[in-house]
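Two complexes, one shared chain (subunit A), two partners (subunit B, subunit C).
Now for the complex of A and B:
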């Protein structure tokens, strides 16, 4: 499941999957701005058929946080 | 049709290189909220139509400054097309939430003020840029704090927006430089709940959800394609399971599904009805079917529930030949490029074959379910034109008459005899309010018999008609079988003793009957009267205008450096005797 998440991150941020880890953040990924962040949410929601709340969305500093929120939606990564 | 994710378009747009494309355009996208992603999506969609687009993305909610400042980046970008996307919340300001804090009269004053502001903005833009602007209309909020009582209020929130939309529509209806995009209709199709995502609005002032941006871009392409002259002109249709349910060769005349009492039959009738209405406004229809000719024609001619009849088709290729060969023949007989054709065939094997062998044809990915044929057809944005003229509406009749001409030609032994029997009359007309739209249309879409392929919008033609240094006219052609309509255009620059042909084009359906010679002879007769000694023409070669290349030397023009020159003093009128030419005032 980690690889599915990383695949989506790789596609949305247009970077090689090897450059992604759980500590990746807007500070370490160049294309991770607010707009791409919204595109990421869209992609995750479509893939896993879930809907994030605005509080969850604003509570993301790293990829690890995304995993945490996915887990709260019963998506095991 | 399902669109890709927005991030797909953003990534794909990075791979585009201008040098790979023949056609280049400049598109501006400005608006009152975040429109990120729309630019990249438009670029990729343009690329799919073989166009490279430079895009100017407006600054966040800076549309007023960008338009009203004559020195803005928008004007230095010099767009060919500008999309102005505004939203209801921004326009209504506080009244969006506290509509009823003010009186009805104040609400009316407010809407009038907003109408004036937007109107002036658009007029300022078109005056300054002289190019096309497409602006969106406003979505009336469906919620009201007054609930069901909203409809009993005088000039409530919903009425305000409807009124604003109506005022804008009326103001610009006759302005050829502007188009009002029905964004409200887009929201109706997709549902406000999917187009407006509150989270995206709070997080980034995104008022059209990222998921729907590609669908919006698709709609906007409906404007880009006709402005760039790449709209489709003809629908070629398979028969079995495309125009009726079942296979005529197997199910027989009474066994095919084409009835009002049967849900599957109804799907096909509805599909035919929509095709017919497209045909009536100028889209050419043709048939490409692997079938026994008599069996299929019996349905077309005699089946009581058939909506489309033989007379609606410009060409019927019903045989056992290769379907790609049929498409090539249709393209030749109807005289349009393969890239002007949209092909409908229910059989995926046939479709994949045509996609690989004739990629220029737009082969529609038809759904397996015939009940979805109509939505698939209605979603296509490729048939849009900037103007639908009387010529367009009578196109079906013209093709019917053309088939009669072909039959006459086959029955006469000698081409000159055929031309004589055709009894061709050529009427030269000025560029006036009636002919200007058609003249512009012909310069935009005529590719084959076109010496210079210069594209002119209506405003350009209007300006030329008022220019003393230019002669602009068109030719209407009539013969025994009917009126071909206005099918020739010429624009000549007067330069003392030398006249230069800027534009000389003929619709391909009238080439080869001496008409092109007749028009040049007419131009020369005008030139002679004004003591002009030479007529110069340029030929600018393109992929499609080879048919025009040999015309100049065959008429008697001589090559001098890069131009073709005709010395008028030696001129003898060579108009063939079978052609009657006259000038219509």
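Now for the complex of A and C:
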């Protein structure tokens, strides 16, 4: 599942998958702005058939945080 | 207390000295709270009570929201917390603006007598500490933050003097864990030490503060006469003069505000606190959206997290809603800067640019991607973005509507006359030279990444040479009196 998440991140942010790790953040990924942030939410919600809350979205600072919130939605990563 | 005065240059070493001498964590903690309150009291006198009120209100409301056993009660408490601090901000900052608008409407509809203005003094830093404190109760209400049990911890988070009056706007989730770590570290020789001033922090902090003073006192204060020359009355100015004025003001306000942020972050770093950067080479932004990840980052992320996301979240697939929410968020951001129409226009322009860019990117993003990845595409996007950004600075700088409208028309509809601009350049050689020097340094900083970090790692003799190179031009070209930081008025 981690590879699936990285694949989505790679597509949304248009960067090589090898550049993504759990510590990746808006500071390390140039394209990670509010527009791509919302695009990422869309992609994750569609892929995993879930709905995030506002607090989950604003809490995300790194890829590890996304994993944490996916786990809260019972998505095993 | 202004950073660029003798008062602060006496205040800071005294604070650091006392922290360094008395290694009792409780004392250091309480001393820092009182030093911070004194820092504000020194300029703001009795208005410091508003800060104390905000601290008490949000500390107790935050705990009450967290402990509330029903959603209804949570909501009610949250509304009280919001209304309390926004009410204060609104009363002190926007009363006279609202009364003026009301009187104008009254005159239009011939309603008779006018309401007299309150002429209230604007409490320094109120926009900054109100937003900082609000983020705390919003995070608790959303369930993403556990409130602190200690009023002293919360008081230092809101009142911490380096970023108190002009930011960066801190987040509790970032600051409180750092404070807790200092308070709870209790092993071995560091048993009683709280704020240990480390050499590396000291060197980094001083480097950043030196850069901040350099930006403010060497660049901003010396570019200011050129800006005043052009914008005090722009009527009759050529297009190129207006463009020069817009660029000069953009550089002035960047050096002024990012200089303040650097000094604040540097002073906090000396005390061992990490505050995120507030600016990141904004004049190399490649889009309006990229610009807001580089300019006043602590405010733009605040507006994004606490205003834009909640507004747009449920409607993010609708272009019209994305457009409207971006516009609304940026109008609020404009109004945050000051109770004046020019700031609202400034925010509105940014909102339109952001919204148009976001909608265009949604539609044409993929098909134009390859072009914008080329070197030419990148330079093209930087030039177009900066042309728009400097255009918005006209609204930020000029309050008189006739003057603003004239300058905006000239900025867009070029007249290609040059004689007056050449005259202005001849009469302002030093500010022009500073603009060129700034461009070179901004480019080096863009290419090299984190310059303060690199400078702080220099060998001691080179580092002292760096300080000398910074202090010398500041003292040689000091304008004669401490100029207020532009963002103090917000």
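The rule is short, and it goes like this: the second predicted complex is superposed on the first by the 77 of 77 C-alpha atoms of A that agree within 3 Å, B and C clash if a C-alpha of one lies under 4 Å from a C-alpha of the other, contacts with A are read in each partner's own complex, and residues count from 1 in each chain.
The definition used in the following text is that a contact is a pair of C-beta atoms (placed from the backbone, for glycine too) under 8 Å apart; a residue touches a chain by one contact, two chains touch by 3 or more.
Only a predicted model underlies this, so the values are computations on that prediction, with no experimental measurement involved.
*Asks:* Which partner does A:11 reach: the first (subunit B), the second (subunit C), both, or neither?
*Replies:* first
*Asks:* Does subunit B (first) or subunit C (second) touch A:34, or do both, or does neither?
*Replies:* A:34 sits against subunit B and subunit C alike.
*Asks:* Under the stated touch criterion, name the partner, subunit B or subunit C, that contacts more residues in subunit A.
*Replies:* B
*Asks:* Pick one for A:42: touches subunit B only (first), subunit C only (second), both, or neither.
*Replies:* Both partners, subunit B and subunit C.
*Asks:* Could you pull out which residues of subunit A sit against subunit B in one structure and against subunit C in the other?
*Replies:* After superposing on chain A, subunit A residues 14, 34-35, 38, 41-42, 53-54, 57-58 contact both subunit B and subunit C.
*Asks:* In the complex formed with subunit C, which residues of subunit A make contact?
*Replies:* Touch residues, subunit A against subunit C: 14, 26, 33-35, 38, 41-42, 53-59.
*Asks:* Please name which positions on subunit C make contact with subunit A in the complex.
*Replies:* Touch list, subunit C to subunit A: 139, 142-144, 289-290, 293, 304-306, 308-310, 312-313, 316-317, 358, 361, 369.
*Asks:* If we count contacts the way the header does, which residues on subunit A are in touch with subunit B in the complex?
*Replies:* Touch list, subunit A to subunit B: 11-12, 14, 34-43, 46, 52-54, 57-58.
*Asks:* Show me the residue ranges of subunit B that touch subunit A in the complex, using the header's touch definition.
*Replies:* 5-8, 10-11, 14, 34, 36-37, 198-200, 202-204, 206, 209-211
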